[in-house]
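Structure in structure tokens, see below.
Naming follows writing order (A, B, C, D, E and F), and every chain is counted from residue 1.
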Amino acid sequence: MTSWLPTLITATPEEGYDLAVKLARIAVKKTQPDADIRDRLRPEYAEDADSLIAVSQVVATHFATISAANGYWRDAS
Amino acid sequence: MTSWLPTLITATPEEGYDLAVKLARIAVKKTQPDADIRDRLRPEYAEDADSLIAVSQVVATHFATISAANGYWRDAS
Amino acid sequence: MTSWLPTLITATPEEGYDLAVKLARIAVKKTQPDADIRDRLRPEYAEDADSLIAVSQVVATHFATISAANGYWRDAS
Amino acid sequence: MTSWLPTLITATPEEGYDLAVKLARIAVKKTQPDADIRDRLRPEYAEDADSLIAVSQVVATHFATISAANGYWRDAS
Amino acid sequence: MTSWLPTLITATPEEGYDLAVKLARIAVKKTQPDADIRDRLRPEYAEDADSLIAVSQVVATHFATISAANGYWRDAS
Amino acid sequence: MTSWLPTLITATPEEGYDLAVKLARIAVKKTQPDADIRDRLRPEYAEDADSLIAVSQVVATHFATISAANGYWRDAS
């Protein structure tokens, strides 16, 4: 039984950022489970500046959480 | 007497994320208690990219709270 | 002399969530004190998906504050 | 020489909330210093549901800050 | 060699708030470096209620950071 | 093997702010990897006041994270 989110701990800030991107996308999938509809919506936001900025805002919020979880990777620099 | 939110503590990050999704939805129910109206609104946001991103933002905010509550599941990895 | 907000401390997470909903509404009342106008605006947001999501975002922000105030009810589960 | 913001410390949560409302308004005044223009804009947001929700979001963010500053008034209940 | 942001520490909450306003504006300058375009855009947001509220939201986020940096000026009251 | 984000630690608040701007942009690139499309979108947000304010909001969220990671540069003033 695998989990899509076994931990918030990552080796590096970069991996933490990638996890933040993933967390932002999961909520969309859980709200709209139909992959065909999501595919149809993709150009609607991926080619719209304001949508992309809004995605970036969600990522920033998750990255704050993940950064705190990892003690800001203070020993990783 | 059951509660819909007995605790913020979850066994894993994944369960914490699911709880965040639930918390995001409860506020909608409390603001619009009529299930028929909510059902009518569902396609309005579930098929709109910007609405889905906004939902993801709410989930991200709740996930931050739940993650802090659980000490970021640092021992769960 | 009663206060509408005597404390942020609640017995349970569920009561904390209800307080978050209340805090979200108070700002609206303070910005638009006229109850007739607020009543007129109600269908405008209670039947609009994006408005409901925005309300949920405000609730999420207040719930974060109230959860921290209550030490995340870690002993309440 | 008086200050409009001598401290973030308030006696009660309710006073803290009022301070949050004040902090939300000050940024508007600093960005649009012309009181006549602000007065003209007032009905534009005070009679618009989405604007009122957005104001409530700003208040929520400031209330989080003020609540933390006051140790969540844990001894005030 | 001067810095536009040598420190987040300010003597008073009021100065902290002014710094938050400054931080909100810098991101705009970095994204749109052309001062002529920024000047042209100014009435677009300074006379629009929703834009002013959005500016206030950015200021609130920065003010939270600056307040934490200053230990909420607990000894300054 | 170089990383685009080896650490959240910066020497000064100003460098921290620049890193926040960078973090805000990376999410856009990860969501829209096509540089040609991003270039086409640029005037859409760089000449729109509300888009610029939204960018500033994302930067503010990342700056909060980076400031906390750096202990608010309390010894750097």
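Rule of thumb we're sticking to: contacts are C-beta pairs under 8 Å (C-beta built on N, C-alpha and C of every residue); 3 or more make two chains touch, one makes a residue touch a chain.
In this text, all values refer to a predicted model and were calculated from it rather than measured experimentally.
Student: If you walk from chain to touching chain, how few steps can bring you from subunit D to subunit F?
Tutor: 2
Student: Any chains in contact with both subunit B and subunit C?
Tutor: none
Student: Could the interface between the copies subunit A and subunit F be described as same, meaning over half of its residue numbers are common to both, or is it different?
Tutor: different
Student: How many degrees of rotation bring the Cα atoms of subunit A onto the matching Cα atoms of subunit B, given to the nearest 5?
Tutor: So the angle, rounded to a multiple of 5, is 60 degrees.
Student: Measure off the straight-line distance from the CA centroid of subunit A to the CA centroid of subunit E, and report it in whole Å.
Tutor: A distance of 27 Å separates the two centres.
Student: Roughly how far is subunit C from subunit F, centre to centre by C-alpha average, rounded to an integer in Å?
Tutor: About 31 Å, centre to centre.
Student: Where in subunit C do residues touch two or more other chains at once?
Tutor: 45, 48, 50, 54-55, 57, 61, 64, 68
Student: Chain contact graph: line, ring, star, complete or other?
Tutor: ring
Student: Going by the contact rule at the top, pick out the subunit A residues touching subunit F in the complex.
Tutor: Per the touch definition, subunit A meets subunit F at residues 12-14, 17, 21, 45-50, 52-57, 59-61, 63-64, 67-68, 72-74, 76-77.
Student: So in the complex, the part of subunit E that touches subunit F is made up of which residues?
Tutor: 3-9, 23-28, 30-32, 37, 41-42, 44-45, 48, 50-51, 54-55, 57-58, 61-62, 64-65, 68-69
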